[in-house]
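For clarity, chains are labelled A, B and C in written order, and residue numbers in each chain start from 1.
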């Protein structure tokens, strides 16, 4: 398998075999992520955030530093050259001279693909439009594999905003490469986009439900996402819905003992804080797994040797 | 004494013996701070500034770089995840995965304490509310010790805004562990908060005065702070006061020859620029001492060996 | 020649002999800029951008990282201490304690000179007012030399906004040290400032023209700059002018085969994208040459040994 020099734009660009290899590499990086290393000494990561995302940006910078490399970049469009009217292709052809790899977040769908086409160095998509967030999907898979020992054979529930959340789109595509049963739980207005659900239904069993209680007893992994008020034309509609799509101790009374709860964070109140101390909670472990997965990706696409 | 893994939230958490040990360690770091070192190679500092403070942030980042470590973080709340409504405890439980130590500045009192309770890694308080700024107090003590050879036996005057300045609160507590005489010089409206002055009066002699001229001839260390216009309901009141609490060559004519003048910076016009070239001025040396003290603190709480 | 400890404030501070030495050093740094080095391990660069400029800031940070050093700083005045009313001299006397060299961009002419006078460490001017941008001039010279093998004997055309562009002022001064013929092509309103054109006319042949077509056939190097709408009191005037001062394939039909086109970037539409793929385009190579030139400057003023 060839990873050196490769872009990470969409999870759809990767075969199951390749994803398995990335997950295996991640597992082998746990110690390195803990202790630090000089694997990427002298290498530079550029973080280009045309849309703010502190946690994703810091996660990549931390991963790069843990491998002995350095990071430069910008955290906000306002500071960026684009203010002067420069187009993205020009920005990319400038920044590729500064760095060995670049991480891009952009409000427009297709931005990461365009950047990858122009850049001489590998481009990692850290979220473009409502479309894709492939490294989040990979760290989610890594978390499931690490916690359950397998992905195949699991019943996985995606709950919340399945329409606008780029995280769940990338994750759903990735899960469709495995032998899983997928429950989709969301309000009517925030159902999984048709193009995503059509594509994954050709590969795996997908069951749509409107209440988490209907599927919880069967669920091995419950993946919760935030429902944003601004998605609703009517605030009272939002209040009704957000009260329903909420996990607390009462919701969990029928859950399997070893069911795990994941969340891409930040959460607001869709998971009650009393759940944090139950053996189900894994959302903060996901953050660490993100560091591990990103060290693996950086090492692979920069061709680092241990 | 145990420093490894320890939080630095309040100067009140440290005994005189511990503070003396920190100051001794700082003295031993002068050369390292000048020449650089790899003591913290592979370690990562996260700077979480929910309130901007360029100089404090850069001071910590410089100290970390001088020890061979790296720094990641954010400089402004606007960029931070908290914008999406996440609470501080969640932010801390995310960031602790990215870094080996974190430095926090926050507008709310108690924020640093809360962060320290949640974080698995040590937390350094770089200012929370109007309450505390312990590393500034430590660098101030280090400056006094370095310049005067001792802290015990000195007459120290704190002047300016003693009510809202977190710097002077932490410093007053720290000085009360030593055998000093403290003069407090401030306008009526900006007197030292009762809870602070009550606490320190139990340990040391404290004399309140309204004019610096009354105490200057006895003073060994004159610590000046800025009086901010926004503290005064009436602008004419501010103008009157700020003209009075100002140090210039004329004020200094009765000063001891070896009196030193300190200031946490930035200054506006409370110290006239003509004072910069007198042998009294030490406020720019304080900045360097801040680097030295912070390298010592980072080395101690991360358990670094030279 | 003595470079260690030297400020880089104005291109006018350097003799031709010194500039040639910088360009020669840059040529010797090409490999190091590609592969990375530890020449400046342990050294810290402070980037003080009182005016945003993502590309210049990242270029310096990348250059510093490529030499094994680290960078700290701020990208926006809003975040900076100056907000609290501190003057620049105080800021400089603070930051000089954090870093071994500082890079300053400031909206006011003279700011870099003032900073250099106060700072104990070397100051590099990354643009002050409409006046000077010396490192851009050096990378432009390096690009010409690398591409044409010589600077002497060339016909060089500067086109666009010659009045407000700090880049062209520094470049024109630098070119006047060489044996070149200079064509200046600009709208009436944006003619080269009198003090610059008077100075360079004493040294080299300068021809002012209002249409690039009049000089293109003779031109070896065509240096294009952006014309900004806000320079024109009347928007229709701008539209007329910006349509004229534009390079596309049609403009280029009379160009020498080996003529090169340069641009300090960002471009908006003054060079048509169809020109990017012609053998004339060198504006993206300039970005790389900027990294190389800045590694050379950092190495020289910090006295690094290979």
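Throughout what follows, a residue touches a chain if its C-beta (ideal position, glycine included) is under 8 Å from a C-beta of that chain, and two chains touch if they have at least 3 such contacts.
All figures in this text were calculated on a predicted structure; none of them were measured in a lab.
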item: Rigid-body rotation angle, chain B and chain A, from Cα fit (steps of 5°); value: 120
item: Chain copies touching (chain A, chain C) - same or different residues, decided at half shared; value: different
item: Separation of mean Cα positions, chain C and chain A [Å, integer]; value: 40
item: Overlap residues in chain C, where contacts from two or more other chains coincide; value: 70
item: Residue ranges of chain A touching chain C (in the complex, touch as defined); value: 41-44, 46, 70, 72-74, 78-81, 83-86, 90-91, 93-95, 97-99
item: Complex contacts: residues of chain C adjacent to chain A; value: 35-37, 52, 54-55, 58-59, 61-62, 65-66, 68, 70-71, 75-76, 265-268, 284, 287-288, 290-291
